[in-house]
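Below are two complexes that have subunit A in common, paired first with subunit B and then with subunit C.
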Partner chain A sequence: MKVVSYSEYCLGCGLCRIHCAAGHDGYNGNILKAYKRGTPRPRADLIFHQDQSWLNTCQHCPDAPCVNACITGALQQYDRGVVYIDEEICVSCYTCIMVCPYGHIFPGEQAVLKCDLCRERPGQPACVAACPNGALRLVNEGETA
Partner chain B sequence: MTMKMLTPAFAVQRDTERCIGCGVCINQCINEVHHMDEDGWMWVDEDRCVGCQRCGVLCPTHALSITEFPMQFRGNQYWSPSHIREIYAQAQTGGVLLTGMGNPRRYRCYFDHLLLNASQVTNPSIDPLREPMELTTYLGNKDVEVPDREKPQLKLKVPVMFAAMSYGAVSLNVQNSLAMAAREAGTMWNTGEGGLHADLREFAPHTIVQVASGRFGVNPDYLGAAAAVEIKIGQGAKPGIGGHLPGEKVTPDVARTRMIPTWSDAISPAPHHDIYSIEDLAQLVETLKVATRYTKPISVKVAAVHNIAAIASGIVRAGADIVVIDGFRGATGAAPLRIRDNTGIPIEVALAQVHQRLLDEGIRQRASLVASGGIRSSADVIKAIILGADAVYIGTAALIALGCHMCQCCFTGRCNWGIATTDARLSKRLNPRLGAEMAANLLQAWAHEIKEMMGGMGINSVDSLRGNRLMLRGVGLERHELELLGVLAAGE
Partner chain C sequence: MKYVIIGNGIAAAGAVEGIRSRDRESPIAIIDGEQRGSYSRPLITYYLAGKRKAEQMHYRPPAFFHQQGVTVIPDRAVKIDNQTRQVILQSGLVVGYDRLLLATGASPIIPEIPGIRQNGCVKTLYTWQDAEQLDLLVTPGQRAVVMGSGLIGIKAAEALYQRGMQVTIIEKQTQILPRLLSRTSAELVKEHLQDKGIEIITGQEVTRINGDNGVELADGRRLTAQLVIVAIGTRPNLSLAADCGLAVNQGVLVDSHLRTSDANIFAAGDVIETNDILTGYPAVMALLPLAHREGFLAGQNMAGAACSYPGGLLINSVHVLGMNIIGAGSPQIPGQTWLWQQGNHYLELVTESGRLVRYIALNMPQVTGPLTSLIEKQMEIQDSLWQEFISQPGLNRLPPMYWEAIKEVADNDSYRCRAI
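And then the complex of A and B:
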């Protein structure tokens, strides 16, 4: 499973990143708490190129280079190909950041930051739920949406 | 340079306790109202704000509210602030004021003075959840003396269609949304006068194509690709006025669809230059019938004007299968403000008069009547049907379902909601997949409500409702208004 971005409908508003940051690190979706009281740390990046924009987020690759490269085993591939990080084990060596062909993993303080498809959130990932124009969809591997 | 007299029309209020400086307002406003300076301060340029509310709706913390600017011009009961604003604007520009959407002025709305009947004791009401209710409507000539092969019918599962909005005035994504919704709901969408885009050919069984005074994109293929053909004589927002799609909206795609040169102004003349009489209209109706081999109903759309009953009678006699009456609240992508606000008559009166006139002349069965212009809810739909309509067109309501926030700036081509524009950066703001879902939801909701209201009246088929004016009572209307509408006063 992965979140796919459709640049033809992406508004470039950035609400996906805002809701991503508020959906992690214990903010429980509270945007004001994340941005006014805390440190917002989105797990994805919004890319702008010419007139297009899209959300650059983890593709949960079938044979994930980051999982192969992880020196501590913090990155593991689970059901339906989803790559999770165990933040307790990560030592922030950044090897995964170097091997990710898409630049989908970001440096963090204690551990690297990457998309976990909002595993603690009921329903759709926060970015997909927040997109005002249906430009993000959660799809299974091999599925063309 | 003279002194600038205009103050901002809207105030943008930012709650700094809530603003997180995320920049959604900055990147979503095509009018460049919001700015962040190098120190992270957020500034607004309220002179540019058109009140479309896009920033306020998308702001993730609801830190923005757009209100009317607190300092209104010093008007009085006679000189309203809007009169004063318009004079200042004209004194600065020397131009005709343009506007979009429908007539917003305070004229009496007859829909709001009509009340529906309901069954009590003496006749049973019907529960639409338990018993079948029929909304299916057929549009076309129903004269028994005409052979069946010469009277094609248009089948609607719900008596609400999407009004004509051309590609160029609205984006392709809007047309795509409406076409998908029409297919889903079993009704029709209308191309408007701007031709039929190649991508929308698949919706042909749910498409009404328009032949207007500009004849844009009209060819045998275009006529063949539709379920019905509509001759547009006029529209409610600007009766007697032609159209003008400015050249900057005529992108290569629009130009190809309209069959005109790229970036050239698309001018629709005020009249059809081959129609100066009912006899001329009859010729065009016949031509289109022959061109489509008598397989498609031919519709004629006119604005509701003073002599509408006689005009409609002439249109039916000219051979039209469907007559569309567009009331003075009908909307537009661009019209001179004075025309939009001061021309035409209310659809309720026009409809009642046309229906009665056609009945009196014994020709009502020869054509279906479609009411258009300012239909806001399912209650308006049902009242229009009771006043004599077979079906209605909705334009503004459909666009609101797609996200329109009624800022009335359609004519600028800078629609922040991505609706009335051909700018690729803006038109992508409407995802047709979501648009189709919202427009189809609206029709489904209205169909349910119409069934509820019909059930309350003890009527199980929309056919039994048409022209059944005993089901209406007028409240707060003068005697002559009741007579024109053909309804009794409440209590009678």
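And then the complex of A and C:
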């Protein structure tokens, strides 16, 4: 399971990353509170490349290189191929960052930051729900984008 | 089918996952010579620094092995009888196998220096037990000498420094982290460590160890030290393999399916000699991500698959006293160097005919994943695009063909079992 980004529909507005950051900051996704009082950090970022843009987010790769390389066992692949990080176990060695071909995983203080498909959030991931132009879609394993 | 794994490190955990992806039923036994369970070796320096507690050292928790139907035998293997397919343990117990994995790892090299074996102040930092023993010897304010500035040496120096010791690193080569860094980047890391108060002496060797008084260097200098850490490198633990007649060189020799010269015995992890995929030369890589992948593929092959393993790429990421150092590729391949520096951020690329063969990134983690991938893919890229990237390194500036290639394989399957 992963979020697929369609660059042909992406407007580059960045609402995805704002909702992503707010959704992981303990204010129930409330953007105003998160950005005023919290320390919002997105788990995915927009790429602007030539005349295109797209959300560069975790592909939850089968046989994920980050899971293979993780020195502590903090990164593991769970049901439906989703790769989660156990922030209690991570030591921020950045080995996962070094092997992710997409450059998805972000440096963090105690633990690295990565997409968890908003597992605490009911319904669609925050980025998908926030996209005003239908450029993001949650795709199940085996389903074609 | 009876599977036996000698060693309980990273490759062993990978092998359990590999076997179980193909065979849910057959018994697996792990012979755990260290008798500490599955723990992450790189974490021992975190343990020594006091940043990691004993219960946070697991690489895979004990429950994992239980759930996977693995019997962990806390004992040391002393002999392999590959005629009768049995492993003889120190306790006298005999364990039979159909498929055996040698994952016996490596051990620190202890150079023949006068006084090195006689003095209780000389230690290595390679096992969890080493870290526990060192923990008792650490005395704030006293001086520690670290021989060697590889990853273990640097992390040992950091841990002892953080525990309040005065630390001196002695490196035989003319620069620190010689396997990972270029001369220019090594100077930056050296300055960073010296600014924090770690003393670094390069181009010097320890020639004698004088009890509690310290060490003597080749140039006649004497340094007082209450503790000496030997971290000049490691060597595969070959005796089990060699004694039963398996082909060995620097490490245990394996074919492209990680099978040794005995058809029933596979090998993975720090004990094997594999290929550096960039140079094509045989190499003992001894890297954690490779150990897991080799174990995972060997495990599948033990269960009847034919996954091929091309070899590995030299990659490393390490933090020292607030600086992140990431490097990949081969120091041996000459090429064109591209440099970028801004404050304490530094990026160095080496390309050969447009192909990336090496990079070094200081405090620049975000671009390293795609760069590693570019080395693996050996994609040919025009100099003008490298120039554009290095002028302001970031994901937005990666060569367009890289993003095109990577979007095509939205499912990155480069690590999947490929039967050849």
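Methods note: the second predicted complex is superposed on the first by the 145 of 145 C-alpha atoms of A that agree within 3 Å, B and C clash if a C-alpha of one lies under 4 Å from a C-alpha of the other, contacts with A are read in each partner's own complex, and residues count from 1 in each chain.
The criterion applied here is as follows: a contact is a pair of C-beta atoms (placed from the backbone, for glycine too) under 8 Å apart; a residue touches a chain by one contact, two chains touch by 3 or more.
Small disclaimer: the values here were computed from a predicted structure and weren't measured.
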{"item": "Combined model on subunit A where subunit B meets subunit C, clash or fit", "value": "fit"}
{"item": "A:4 touches, of subunit B and subunit C: first, second, both or neither?", "value": "second"}
{"item": "Broader residue contact with subunit A after superposition on the shared chain, subunit B or subunit C", "value": "C"}
{"item": "First (subunit B), second (subunit C), both or neither touched by A:13", "value": "first"}
{"item": "Which of subunit B and subunit C A:49 touches, first, second, both or neither", "value": "second"}
{"item": "Subunit B versus subunit C as contact partner of A:32, first or second or both or neither", "value": "first"}
{"item": "Which of subunit B and subunit C A:119 touches, first, second, both or neither", "value": "neither"}
{"item": "Contacts of A:105 with subunit B and subunit C, given as first, second, both or neither", "value": "second"}
{"item": "Least Cα gap, in Å, left between subunit B and subunit C after the two complexes are fitted on chain A", "value": "17"}
{"item": "Common interface positions of subunit A, toward subunit B and toward subunit C", "value": "none"}
{"item": "Residues of subunit A touching subunit B in the complex", "value": "8-15, 18-19, 31-32, 35-36, 51, 130, 132-135"}
{"item": "For the subunit C and subunit A complex, residues of the former touching the latter", "value": "14, 40, 42-43, 46, 51-52, 56, 58-61, 288-289, 292-293, 296, 315-319, 324, 326, 328, 365-370, 372-373, 395-396, 398, 400, 403, 406, 410-417"}
{"item": "Contact set on subunit A toward subunit C in their complex", "value": "4, 45, 47-50, 56, 59, 61-65, 68-69, 71-73, 88-89, 91-95, 97-107, 145"}
{"item": "Residue ranges of subunit B touching subunit A (in the complex, touch as defined)", "value": "18, 20-24, 27-28, 58, 60-61, 424-425, 428-431, 433-434"}
